[in-house]
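The following pair of complexes shares a single chain, subunit A, combined with subunit B in the former and subunit C in the latter.
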Partner chain A sequence: MSTTTQAQTNGVFDAWVADGGDAPAGPDWLQAARRDARARIATQGAPTAKAEGWRYTGLRDLMQQDFQRVHEPVSALQPGDIDEALIPGLDAHRVVVVNGRYVPQLSALGTLPTGVRVGGLHAMLQSDPAALEGRLTQIAGAGCHVFATLNTAAMDDGLVLLLERGAVLQRPIELIHLSVGMDEPRVAQPRHLIHLGDGAQAEVIERYLSLGDSLYCTNSLLEIELGRDALLRHRRIQLESPHAFHITGLYLSQGANSQYDGVNIGLGSAWARTDLVTRFRGEHARCDLSGLYLAGDRQLVDYHMDIRHDLPNCASSENFKGIVHGRGRAVFDGLVYVAPGASKTDAAMSNRNLMLSENAEVDTKPQLEIYNDDVKCSHGTTVGQIEPEMLFYLRSRGISAPLARRMLCLGFAGEIIDALGNEALRQHVAEQVGQRLEQAPV
Partner chain B sequence: MDQQLPEEPGASRQRNDWGRNMLSVKGLMAEVGGKEILRGLDLEVAPGEIHAIMGPNGSGKSTFAHVLSGREGYTVTGGSVTFDGRDLLELEPEERACVGLFLAFQYPVELPGVNNTYFLKAALNAMRKYRGEPELDAVSFMRLMKDKLKILHLDDSLLKRPVNFGFSGGEKKRNEIFQMALLEPKLAILDETDSGLDIDALRIVADGVNALRSPERSMIVVTHYQRLLDYIQPDHVHVLAKGRIIRSGGKDLALELEDKGYGWIVEEEAAA
Partner chain C sequence: MSALTEQLAREPANPNVDADGAYDHLVQSEYEHGFVTDIESDTLPPGLDEDVIRTISRRKGEPEWMLEWRLKAYRNWLEMPTPEWAAVHYPPIDFQAISYFSAPKRKQLQSLDEVDPVLLETYEKLGIPIEEQKALAGVAVDAVFDSVSVATTFREKLAEVGVIFCSISEALQEYPELVRKYIGTVVTPKDNFYAGLNSAVFTDGTFVYVPKHTRCPMELSTYFRINEAKTGQFERTLIVADEGSYVSYLEGCTAPQRDENQLHAAVVELIALDDAEIKYSTVQNWYPGDEDGRGGIYNFVTKRGDCRGARSKISWTQVETGSAITWKYPSCILRGDDSIGEFYSVAVTKGRQQADTGTKMIHMGRNTRSTIVSKGISAQHGQQSYRGLVRIAGKAEGARNHTQCDSLLIGDQCAANTFPYIEVKNPTAKMEHEATTSKISDDQLFYCRSRGLSEEDAVSMIVNGFCKEVFNELPMEFAVEAQKLLSISLEGAVG
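Let's look at the complex of A and B:
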């Protein structure tokens, strides 16, 4: 099989999907999905700079790396090794994934309420594949680009969180995704599945972290399915090595009257691309996406959104704020599509950016495609600098110019940081943002 | 441009004892966007004194306040400003604040997302650090804030909100006076603090200012109307026109201005 695969992938992504290790073949339906994915990799190939979704997101640096697929779990870490990754005061069921593999001995699940299942995908593919059938690979479908296809072809582990109808998690699930440098650059391709049954409620705090400053790539994919009346609060904090490459595809399928409340914080890595894709399966569902990104010198942060309103009476909002300094670059590309039948759609999109240097670059493209007159839709973007009169006001009170700038940046970011809700998490992120700004030569 | 001030009757009221004075402004000239606004302004302020600077619109009152506080966009083209023995014009805005200068803004700036308490603590501790004093911890700071609120008869609702954000005109001005109470400047410049205030708000602000009067603290009250001076009694009143002080006197001068307007002084000055 490996020879045919290599021929089909045209060479470019061979190492990303190379066979080996202990990846479970999985049930027939998954094997079929993998075969299909492998076949598509060849036709998709690497996106070119001309492809619309990649115009401002250069892939050259990523493609120049010789990333090797991770095959083995990292077993050397002891619980004490991840202490520095923990957030003081954060009370959560903790799941730790290292280089894409679930590590039970580092995790601290505690006691889970009835109707809640948490585990690793690798184990569940062997023990109970039926629980995944119809969800895994079905929610994301073909995905929005070749990296989703690669993940489907090469997935071997990740978080599975299943809540039965009516189950409620009181404490959040904290998913720590830790990347540890290896001798040669690795690509981890974790696959996470979250399913909330009708009326179920949960909060997931997903954190991407690095041990050390190593070079690696994470190509993660999340499939999230919300039943009728389900509620998911999802906080995603990306704070990785300055040499890391990060790709996330988040595919969200929402049932009637369900609510998804997502906050994305993007603070670290050399290059990060996130695609947030939402589909509504029932009416009166609501999807709120907010985000804060900081792109420092030579960093690239890219958020793409694809929100599709096919049904009436659903609401979506996107509220993203960015701070870009040095030669940092940010890309915001949000598409809201409202189908002819989607009356009473309520959609609002906002992207505001603060540029701290002349060499910083922001490419922001909010798009509304509306084929129905009976809707309430808005969008707006701003790209600005720190207001001189705000800076002067603070300085006139004895505050140094660098501290004044940091205070104004934190003030700008505060709305999104506050949206995190959880106080321990909020404080942690505020500190991290403060530290990043302190390092910024402003 | 004639930099020499003619000997005005009011000039004799100004002190000549430069060394003793807190603020000494001599022949100050400044431009905004290439336009000459201040054309040889002289002013001496001794500790504890309250000086009112009045004048018609466009006379340079606010420019003077901004030049003293170090705002960008103003080019000083001549003259000197000595504050407490230092060359004030050499200092950055934050340094001016740290050596004891305070500007109460005509239009206090809204800072969305910046919590007022956090802002006040940062300001106070920046000044303490500058002076080599230890920073205040959270508990001592809260205690100090409560004391100052009591002196000014203010409630603490403003402290939990972002700085000036969504504040009414009166709340913004009160927040300025509260900052002044907390930062305890040697010299406070109140730039048109009365503008946009109704009579009740004006009284609250004036009461605050009066509560902060002390033999060591001087104030320069910049105003277009005499009205504020009913509540804040100045030791000296100066009339600013076309970038110079053309008349100085006691608080009676303010009443005369209220009665007769600015025209007659400006005309007399032009004729002189």
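Let's look at the complex of A and C:
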């Protein structure tokens, strides 16, 4: 990174924004955005325990780590090395990002239909920065907390997916984000941009994985812009190392009549924070977010949602389910905001939790802020345990208690797993969930 | 909803948009209870320092420990920041511009005959004739006019069964040890900014003690009035229900029309010991300010009940239609095993009213249960937030909570927010939260109109149906009053 983007930070995050090695400085507008971000970091600093957005999500463990930025791309990996990370039978255009770097030799793009461009962010910044202007850093804006600002200030490489007007991807794009263990804790800050032109359609499967069980931090940020009538199916599977910290922000900007269908599966990492932010640019757009999270022993899973209805006739839904066991903790904080002019808004939020152990904790906060009377808004939350009657029913049919519990948990999770659609992916996730439940002392 | 009244609701400051003026009387329906009684008051000059607190304590003839307690609270309050987290907006309050003591000059009355006739007249204007109260449904009234109790009825009848029902000043003199044992144990002076201020300067309030295994023979009631301009009213209510006892307490308020903002920072503490039950009902109709939001009461209240004993029960029911700003969260700490907490609320905001209200249910004991039913109605420029916390501690085996918050929006300039916080640390807990936001549908209105009801009556009927669950929890006389109040409140707000 060029010295022009250097600025004073208050010290806490110096290592996060240290010189990024061979990353391109980018065009002037990007440099300006990054300078702004650095200035904001200096004033923002690390969130305190009193900050409302971090009320239930302690940052102490994260801030205690001495993370270093990843400098060199990982070149030692050969295509055969990532076989264990692949999903059998998943037919997709594959993009592999290792420790925040796009690695072409591991990726398998195959033949792309006309009107579809896929590439690495750094490469695109050098070859065709104009294609990113007005989108990169613009969709997320200031972001919702300092980690988004950090990503903007120090962005690593990532995926750029651009679909021209009317382009349709038949096969999904699979974005594998791989973390490879290193001697000392590393922070990678991948940055992705997806733009779908008017009427374009695509499916993106985004996966976070690690080779080995090392401690690291991923601070990723995605910007997605959907044109009029565009349709994006987005599947996000988080299976980071059990010692990892995972922060991800998704900033979505939807044009008129566009549809976003997102399923979030959060199974891995010791500490995970996800922010989903939606803004509507046109009427009759629809945003559906669903999710399944498993928080096992000493795991923390945090989903924050900020859905803002500024325009009339848009619809949004959030359907999140969680299973918490051991000393696991789950945090759900959803906000639906309906502006005064946003008549005929249809918004529904639901968060259901299954709590399986004495020391687990669920903190949930489904919020509605409504400034219009012509709306249909609701939210519901439940926290409960497995019904003894259901367990008895299965036991009386000769099924062992642990298996019966697992069956009931899988039944609870099934609704979200089925929503994944893609059969190979669905099987993969069902297996992962099953395995985790098997290891859990449920 | 007719386009005309919709337009009116949007421009409440300019009622002349309606050429023939047919709706003017509705939109401009002024505060019914707006009048000021001219009566000489013994008032301290505005300002707050330790000397003011010493003066208050001396004039009330309080024991030394009480003064120390007040001073400690005051010193701590000085360090506290003004809270800014609530979704309400108002100019900063100048605490030095408030007079902290105001007492009608004639005190120590033995009977109603000695009460200043002007005062009695005031009560009658408010529809609270004290003489008639005796006969009416066995309600004993400890009427508070500004800050000092001037008349108390039914004391003897209550004394027969051993129930203590008096002003907190009297209690401090007659039962100092009882007060000392319980005051500040539910809401400590350090609890929050306004509770701290109240602890330092409270001038009056009510004390109730129901002895063991006693069912209070009548519903106890205090009517609040704020009269003196610039006098903040700092009430302190302490209700203790000893083992196996039951008491129902009613609180109702109205206030005269004034341009000055009047701060009201009360503290209510309820303590229920083993098998005791306290039912606390509120109808609040303080002056909400004019149509531009000028004037009106700031109602910053800390209300909390402590289910200290096993199988105890505390139930809060509130109907909030007044005040420029309401900021209160009647809460229950469910400490005793098998204890029960309930919160039933109807809140109406119209004009420029703002309300940030809700409850906290803290489950600590085993098999504790809580129910929350909150109904919010927002009209014109009304801003309303439900803010609630349900916390189920790790040791609260078998805890159960059901929460329902429904909002009804009338007009497109109002707001209804829901901020529920749910924290569960025990796997045997069962916790459900539901919330909906809706408006009165055209179908509902059409159905009523086609059966010959006027639009206003139809809306009133639908709104009353919406609130029925809460009204059912109110004592009968209050329920009737509350329904009437709701209809009056929504006059001119619907269209």
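Assorted remarks:
In this text, the second predicted complex is superposed on the first by the 434 of 442 C-alpha atoms of A that agree within 3 Å, B and C clash if a C-alpha of one lies under 4 Å from a C-alpha of the other, contacts with A are read in each partner's own complex, and residues count from 1 in each chain.
The rule we apply is simple: contacts are C-beta pairs under 8 Å (C-beta built on N, C-alpha and C of every residue); 3 or more make two chains touch, one makes a residue touch a chain.
Note that this is a predicted model, so its numbers are computed, not measured.
Superposition model on subunit A: subunit B and subunit C are shown accommodated side by side without a clash. Of the two partner chains, neither subunit B nor subunit C is touched by A:88.
Contact with subunit B, but none with subunit C, is seen for A:392 once the two complexes are overlaid on the shared chain. In the superposition on chain A, A:340 contacts subunit C only, with no contact to subunit B.
Legend: residue contacts after superposition of the two complexes on their common chain; A:366 is shown touching subunit C, with no touch to subunit B.
By the document's definition of touching, of the two partners only subunit C reaches A:355; subunit B does not. Comparing subunit B with subunit C, more residues of subunit A are touched by C. By the touch criterion defined above, A:80 lies against neither subunit B nor subunit C after alignment on the C-alpha atoms of chain A.
Contacts of A:384 after superposition: subunit C is touched, whereas subunit B is not reached. The gap separating subunit B from subunit C at its narrowest, counted between C-alpha atoms of the superposed chains, is 15 angstrom. Shared contact residues of subunit A with subunit B and subunit C: none.
Interface residues of subunit A facing subunit B in the complex, by the touch rule stated above, are 387-390, 392-401, 403-404, 407-408, 410-415. On subunit B, the positions that touch subunit A within their shared complex are 69-72, 92-94, 96-98, 102-103, 105, 108-109, 111-114, 118-119, 122-124, 126-127, 130, 162, 179, 183.
Contacts from subunit A toward subunit C in the complex involve residues 52, 56, 340, 343, 353, 355-385.
Of all residues in subunit C, those touching subunit A in their complex are 85, 392, 394, 407, 409-439.
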